[in-house]
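Some notes on the structure that comes next.
Each chain gets a letter, A, B and C, in the order it is written, and its residues are counted from 1.
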Amino acid sequence: MQRFWFLTFDGLAAGAVYAAFALALVLIWRAARVVNFAQGAMAVATAYVGYAVASATGSYWLGLAAAVLSGLALGALVERVLMRFAGAGGPLNQVIVALGLVLVIQAVLGMIFGNGYRPAPAPFDTDALTIGGVAALSPYDIWVLGAALTVVALLAVLFTRTPVGLRMRAAAFAPEVSRLLGVSVGRMLTLGWALAAGVGALAGMLVVPTGLGLHSHAMDLVFVVAFTAAVVGGLDSPVGAVVGGLLVGLILSYVTGYLGPDTTPLAVLVLLLAVLLARPGGLFSAARARHV
Amino acid sequence: MTATPTETTPAAPSPLRRLLPGAPPGGGPRGSTLLRHLAVAVLAGTLVVLVTNQLAPYQNLQVARVCAFLCVTAGHTVLVGLNGQLSLGHGALMATGAYTVALTQRGLDERAVGGWWTLPASLLAAVAVTALGGLVVGLAAARLRGPYLAGVTLAVATLVPAVTTIFTGVFNGEQGLRFPAATPPAALGAYFQPERWLAWIALAAALLTMLLLANLVRSRFGRSLRAVRDDEVAARLAGIPVAGTQVLAFVVSAGCAGLGGGVYAVLTATVAPGKFPLDLSLFLLMAIVIGGLGSLAGAVWGALLLVALQDLPGLLTEHLSLSAGLAQRLEGNLALAVFGLILIVVMLAAPGGLQGGLRAVGARLRGAVRRRPAPGGRSPDR
Amino acid sequence: MTAVLEVEALSCGYGPVPVLRDVTFTVPAGTVTAVLGANGAGKTTLLRTLSGLLRPSGGRIRFAGEDLRGVRVEHLVRRGLAHVPEGRGVVTELTVAENLRLGGLWRRDRVDARRAQDEVYELFPPLAHRRDHAGHQLSGGERQMLAIGRALIARPRLLLLDEPSLGLAPKVTAQIMALLRRLRDERGLTVLLVEQNVRTALWVADQGIVMALGRVVTAAPAARLRDDDQLRHAYLGF
């Protein structure tokens, strides 16, 4: 029973990261109808920036800020320079361009930083606290949960209560009509990508310390899991992304905990296939109301 | 009694008929496409065989690798380019074929079963097993479109190699498996270059694959593939079984990838999960895009590109005198960065890839030739 | 009377297929101009070219004396040109209030934008009752009100309306048309109205432009189109 609680907390902490990452994917999907397959590689790149700044200045927090800022910039850049032009050739085009971007980013990172794992220390203690004899969350886990949920809340407020959020939603739902109403749809698209990449950057900084270290391929599996989470929640639904992330984090934690760590990849694959075959729309698929 | 004309329902065409090349648009004997392809295959095969005579062992090995990759890229480009299903998991399919060959060869060897037929049998097994895997993925994928399909195949590519670490008893985990190498038959003489023999094996596999796919592409099935890609609803209305077509395309593509993977394993007589990372699947996609999606000639370019990607870094660091640290960092990554950039540029500027570009140039040249007036002074009709 | 819109020899096409050929007409300020014609005559294309969604291949568009060439779609609403597209363009995923707010977001004067919003609620009581309902919960007539209301928040000088009566019950159509008349009379709003329902359109319009196969075949005061039987037979088929 103790083990169950430990796994639950562990799963929630991991799930929070997946939730943030999945949210980034959903953001771009809603804005541009494309899955950003480069999200993982972009997050790794910004994590490298973050830790470079952190070790140069001695402050993890400066590094975190640098990572998020470079994420915002990278997202905007990718949209303006690449994705804007990639859509013209068809839906496959953007995916392939994103994959090309993955290859380039990972190769450049390898060239600059080498192929080994770099140390990525966590800002807080990663040992689990014991509450009433039960191993619960570590201080780091609490930070992860707090940061991820704060970002989610901020985004929710941004989208539902601010003018720019309204513009972004309108631009995503009905681009042509929005233009007629004076919304600069192109700018909103860039903003959407920037935000998504920023969130991805934060998620990257949160997850890297929990792994083997900083490496150009560090986010490969995270991307696949986050994609699974987004699919589970329904690509169209931000709430679904968050719930999906937490759910997938929990499921994986239990599977890994009870069946062994080697089974994790297989579990992810089985989960993804199961969801796509049974409920392709995800758990939270809202009826897609076309604008009339 | 006069014979009354009766309505006879024509016998349902044998399903195999759909796979045979259809009659060319202008009419003509049904088998002419097949014969043409056979002629090309024989010619190409003979040419390459002659070339291998002149090559050094390492170069023959390169030829062999190109041929092995060609099996994979050809099937892959048909699936992605002609059928519109974006598979990011062909690396995993290659691995399946490779491991099947390894296990079959080891199994036969352990039972002291020998003979010339063991290798073809192993390769056949590789094709069958991988095709079965393709069936499973294809069935799941048939209901999926666009990013969902890409995501699932990406998951397959990322996660299937992990199977080797779960069942370490069978697959021997990270270390992989060794199996008996394919040696040239005694009939060729004692001093026959083994790498040349490997090149011949790979060549045979590649020619077979290209022949099959070339005919498939020209057949009714090939047209169904394209129809489903271009407009699913219209295809369904026209009576094409969309899901069945998608699944069959996956199976065929997987079988080819399995053959390629099996041959690839034979070239080194080893197999290990480290040889089939996620990157390989992305490289395969990159290769067929740059070569030209949907084009079998483009698949050839793609295969050449893949071998270049593997060999260039070594060449570069050999010829440029770099510090060991820098060399290690550049190794692999530089070529990768360049090819990744090329991929992006191709997608943005020339979605037709290399083959598309060549085709465009060729068309322009042909147009220029046709526009020249005939000696009599009359310009030809447009 | 000054012209709010002057169109000269406008041509437009989808790729190599021409849809508008050499279209010329003017819309005087404070009037309702109806664009009539059969399906495929180019009426919707005309509106989409005017609002910049389609790029013309030739000709000129002058709005309030200024050439619209090269002006981006997003900027037209600031200049006073509002377009309610075919199908109404209500963003069904957003609420009524959000749709209306969207219409006024570009305005610097937030106070006036707020005031305009209240005016719209006064003009369309059903919208006021369903402020927080999502767009897809509204009936066709309510959506039309919302679309027009949203356009009015921009306090436009010219309103382009594409087939407002489409899919609406006759009673609702009459209400909408009566509203247009009121807006013209009370606020001096200029309207360019594309309509398939000729009778309704002629009832509210001041002038009518009949299009066929991408060309303007005749432009005449609405009264003449209504009363002159020959003219009506020749161009409107009844």
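The definition used in the following text is that a contact is a pair of C-beta atoms (placed from the backbone, for glycine too) under 8 Å apart; a residue touches a chain by one contact, two chains touch by 3 or more.
Just so it is clear, the model here is predicted, and its values are computed rather than measured.
Among the chains present, the centre nearest to the common Cα mean is that of A. More C-beta pairs in contact connect the chains of A-B than those of the other pair, out of A-B and A-C. Here the CA centre of chain B is 56 Å from the CA centre of chain C. With centres set at the average Cα position, the gap from chain A to chain B is 34 Å. Rounded to a whole number, the gap between the C-alpha centres of chain A and chain C is 43 angstrom. By the touch criterion given at the top, residues 51, 53, 73-78, 82-83, 85, 87-94, 98, 101-103, 105-106, 134-136, 143, 150, 154 of chain C touch chain A in their complex.
Those residues of chain A that touch chain B in the complex are listed here as 29, 34-35, 37, 82, 85-86, 89, 91-93, 95-97, 99-104, 106-108, 110-112, 114-115, 217, 220-221, 224, 227-228, 231, 235, 262-266, 268-269, 272-273, 276-277, 280.
Within the complex formed with chain C, the chain A residues making contact are 163, 166-167, 169-170, 173-174, 176-185, 289-292. Listed in rising order, the residues of chain B touching chain A in the complex are 80, 84, 86, 88, 140, 143-144, 146-148, 150-152, 154-156, 158-160, 162-163, 165-166, 278-279, 282-283, 285-286, 289, 325, 328-330, 332-334, 336-337, 339-341, 343-344, 347-348, 351.
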